[in-house]
Amino acid sequence: MIIIMHDNAKKEEISAVEEKLTKFGFLTHPIYGEKKTVIGAIGDKRQISMNEILLMSGVEKVVPIMRPYKLASKELKQEKSVIDVGYGVTIGGKKLAVFAGPCAVEGREHFLKMSRLVKDAGANILRGGAFKPRTSPYSFGGLEGEGLKIMREAGDELGMPICTEVMDTRDVELVAEYADIIQIGARNMQNFKLLREVGKCNKPIFLKRGLASTIEEWLMAAEYIMSEGNDRVILCERGIRTYETSTRNTFDVSAIPVTQELTHLPIIADPSHATGNYKYVGAVAKAGIAAGADGIMVEVHDCPECAASDGPQSLKPDKFTELMEELRRIAAAIGREI
Amino acid sequence: MIIIMHDNAKKEEISAVEEKLTKFGFLTHPIYGEKKTVIGAIGDKRQISMNEILLMSGVEKVVPIMRPYKLASKELKQEKSVIDVGYGVTIGGKKLAVFAGPCAVEGREHFLKMSRLVKDAGANILRGGAFKPRTSPYSFGGLEGEGLKIMREAGDELGMPICTEVMDTRDVELVAEYADIIQIGARNMQNFKLLREVGKCNKPIFLKRGLASTIEEWLMAAEYIMSEGNDRVILCERGIRTYETSTRNTFDVSAIPVTQELTHLPIIADPSHATGNYKYVGAVAKAGIAAGADGIMVEVHDCPECAASDGPQSLKPDKFTELMEELRRIAAAIGREI
Amino acid sequence: MIIIMHDNAKKEEISAVEEKLTKFGFLTHPIYGEKKTVIGAIGDKRQISMNEILLMSGVEKVVPIMRPYKLASKELKQEKSVIDVGYGVTIGGKKLAVFAGPCAVEGREHFLKMSRLVKDAGANILRGGAFKPRTSPYSFGGLEGEGLKIMREAGDELGMPICTEVMDTRDVELVAEYADIIQIGARNMQNFKLLREVGKCNKPIFLKRGLASTIEEWLMAAEYIMSEGNDRVILCERGIRTYETSTRNTFDVSAIPVTQELTHLPIIADPSHATGNYKYVGAVAKAGIAAGADGIMVEVHDCPECAASDGPQSLKPDKFTELMEELRRIAAAIGREI
Amino acid sequence: MIIIMHDNAKKEEISAVEEKLTKFGFLTHPIYGEKKTVIGAIGDKRQISMNEILLMSGVEKVVPIMRPYKLASKELKQEKSVIDVGYGVTIGGKKLAVFAGPCAVEGREHFLKMSRLVKDAGANILRGGAFKPRTSPYSFGGLEGEGLKIMREAGDELGMPICTEVMDTRDVELVAEYADIIQIGARNMQNFKLLREVGKCNKPIFLKRGLASTIEEWLMAAEYIMSEGNDRVILCERGIRTYETSTRNTFDVSAIPVTQELTHLPIIADPSHATGNYKYVGAVAKAGIAAGADGIMVEVHDCPECAASDGPQSLKPDKFTELMEELRRIAAAIGREI
């Protein structure tokens, strides 16, 4: 780490910092400028907290040198992770992943119908909510266990992996029994107990970026999961909160190249939650693929106006089919395929 | 609700909207302007989803008339809630609440010492973390059950209520056994399963505003707790995420008068987490009280540089004592007391 | 407009609102619900300010029905504007616009060299800064008049339109004498005097979105220009300010489909200022085109490390040439061309 | 500056960086860690751009050591600036400044009446808009020259300094002829030509923080003015743009202690523009004073519902008088006076 001293730091203050660092096994390298002194310190950061130095007299700032995540970082593993999610589907390779399905599992017949439709259009993973996080306590919260069984049936019938969210540490075992991919929703990205729990699962984890999380915090959430031994983490950019209100969230398209520079984990674009409006889903899906995402997650519903949740952002099946055609051409233009 | 039709909406589209509303028991009142038609609809919103109308052909926008929360709203209960948290302390009345203590419970001796110090300075509620949400999986996560026992001992010795965070539905019972006030942290403000679980407790809940939550979402989180039967909810403004980086978060001081207009629930200001820097804690604490908060929550530590977490924002005991003097004078200036 | 009364609004309050509206020539349509009364009002909004109603006793909210911009709106003009910028180049049609060049005009030889390079790679409009807005008063502020002459010479030699920024009402005449397209920078998007002044020019205006402007404010800025008689406005999305710091700004890719729904004006994507980092420029440029932008603006420099400004986000000529190849394929995939 | 090299930086890359720095007169101090090399560089930063180093092969990050502003910094001048604004009023001392008046100057009689009222209540500086920045080109833009004369008359009659905004470089001379304090509005905080122009005036400048400006950018705007020779700059916090919509902007109360740590310039709180709602103005004004602001700017109007602009945030005279009483008590509580 690097310690920047105040302009008017006294000699004794500088010495005190050096002594403390030395005591904890650091090698120190003071650099005396005309106005400021800076101290470079080489050693094992786990021996001392940066705060312990920051709060010493005369210290202006402490600049860390190393990134806080290790297992998720590209420095640890340079080649891109290609994650096997079952049924012959992998995420992170040349072929793009297309997660599709209704927001919530609303019933057996409906989900099976939707699943067949999205498969026909080219989706290779089924999505659906059995446990639904809802802003209002009075809204539909999902079919829960029943919903999981319906999804499993659809996955088995069509030979497709299924992805669904878990919201509570108490439900992890149950969800893991049915799902091929376990989703951590945006609101739970820093539910650290839940992250640890899914980290103990032997299932790939679909980790949505928090509503107002930095990319670093997101990778730290991945690190939580990986630190428990589960390295099959798939990132999902789903829009961040900004002052702009014409879309529900602001899709941070730059997060795609940024994460791909920092981590070996694959990334999926979710244009449905990002925009909250079916009119903009297609444009953002195309943008995500063109920017280098490893796939998309799209909500599809045959009757958006009667959907149990998120109707306004759901694509009708024919629009989804059209979008898939466009995405195939864009994927080809950049050397990927669907 | 009010339905605003597109400029070029056709007669048939307008009729279709009216018919659907009528079918669900609404009385409709179309208003034909020169360019636009607007339909007022009176009825029971639970019979139909706004989306069902929004997605009809020719509809531009649907404007809700009622606020989404009921139990938390001032329309339901006009007088301010004064919440009894035990040991003769109430929150929401003339006397201000002062929650103080170290960020994390670090050990028995230390916590008892800190507790006595903050009591002497004028605090009336003890705070401390037994379960700690940490951005990094490699950071200290709290003493957990052991920490709860230490806090209880301090509360019993000093005759003060204790407030501590719960992060996992599986720990609610345990925390409720020891704590007088259960805290829901900012990162869990929309952990809906946890909200329901603490809603079933017979303990006051200290509900921190989410990192990037709107005031409406915050009141909906309170509504979750209240909808389970627990109406003793205390709000806590602890700073929101903005683009400004000179403080850890941006303390939204206006949230104090805004919540006090919308809800009967009391509100506490947390200048420590809002600023992340002990130098600014005093100014923001004074601002919070002057703006009408019902109290403050402040982190105090005798050795911030060796604190297990949040050292940089902790006040040393003598600074806390000085601040309490100033707060007493400000409280008096606005007709409150400490 | 629609007036929503408070739950407990009195009869006299409701009548008073109706009377005032009637006095100003509005037709009123009260709708009495179980809890709330709502008044629809049809008339000429210019006769009265919404605030005049909002501040009346018993009024909770006033909801406008009409969008505040007219000339810029798609309701006025449904077909997309195709803007002729000279030298046979149009913006808004099937063929995409590619603005390229160094951030600042640094000297005659250098600018001519850069111009030839970007033309060879496929750019059809030259960009460069003669007047440079700089955060620090001590930074290079541009060659000013000298820079304009250099740009003009390059434009004439290569038969390409040139685009450059004006920052001061006093310079509009001078810039208009040399430039084919006049840029209003992000920091001046609400410099209303400057907007009016360029509105009086007979030149297309390149209007960058403000750092933290909503799409509505941006279209109101376009309206300012258009209200002076100049309807050749080209929008440019260049990233907005958010809490995320891994890129300089956050490119709001959804702004492309949103503006294309609301206005007939064309839109250009600027990935250079949005990301502030050459590593991410390509991904965001591709995303912008895939999302439906009418072109891009990219900074190109043969020696980014010696650029007078914005070096870190400038592409080297060979990278720009490669990017153009990819953009051509993506454009083809969505039915556009470069 | 400090140069942090990539984990896998090669020896030649490290040497190349050192050579370039040496060539420009820097003394370099490389520090070789187990994984990373860091280079401390001492010298005159004006000799080389940080980008020139940042873009060299193997460089990960360049960390500046010095703050970018000098004249505005507390390092240059430790004691607080007390700015004389005429008529015996100073800003930055023990006595607080109270700027009050209507948003816009609407007419002679009205402005004189308002001025007398606010003086009686305890205001010591008159505020009013002669040139008004308006989001819509169709809104009232101010009485301009006529408004300036009216303000001057009121100032002369009551023996009070007047503060009014200038929006255009072409109007600086005119405004300076009438006003005692010249305001730079939030939307023009980075209108660098205007900053330079008012820097050449011999009048105190009231510099509002930009809508989405960081504190550092704000101090750089002050630096622009000061670099032209005018060191009488008064900062004004007026709320920043965030995702929260229940107030027009979010008043950043922490900006008060933060600026007071970084600069010697005084700071004023503007609760009117920050909240946009008269109901919250009082709470935020009190918070600003309690947090240490050197005064407030408040909009007062006897008929907010007929105000030409910003009615909803204007206090009626009696409410302003009441607020002044409370502010006097709070000021006394913290050792200031009104």
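A, B, C and D are the chain letters, set down in written order, and residue numbers restart from 1 in every chain.
Convention: contacts are C-beta pairs under 8 Å (C-beta built on N, C-alpha and C of every residue); 3 or more make two chains touch, one makes a residue touch a chain.
What you are looking at is a predicted structure, and each value in this text was computed from that prediction instead of being measured.
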Please state, in steps, how far subunit C lies from subunit A along the shortest route of touching chains. 1
As a test of understanding: of all chains, whose mean C-alpha position lies farthest from that of subunit D? A
With residue numbers as the basis of comparison, which of the pairs B-D, A-B or A-C duplicates the interface of C-D in over half of its contact pairs? A-B
Per the C-alpha means, the centres of subunit B and subunit D lie apart by a whole-Å value of 31
Based only on mean CA positions, could you tell me how far subunit A sits from subunit D in angstrom? 38
For subunit A and subunit B, what's the span in angstrom between their mean Cα positions? 26
Do you know which subunit C residues sit against two or more other chains? 212, 241-243, 245
In the complex with subunit B, residue positions of subunit C that touch it: 2, 4, 7, 29, 31-36, 38, 40, 42, 63, 65-66, 75, 212, 241-243, 245
Residue positions on subunit B within touch of subunit D in the complex are 212, 214-216, 240, 242-247, 250-258, 261, 274-275, 279-280, 282-284, 286-292, 326, 329-330, 332-334
With touch defined as at the start, can you tell me which subunit B residues reach subunit A in the complex? 46, 49, 51-56, 68, 133-138, 141, 167-170, 187-188, 190-196, 211-212, 217, 220, 223-224, 227, 241, 304-307, 311-312
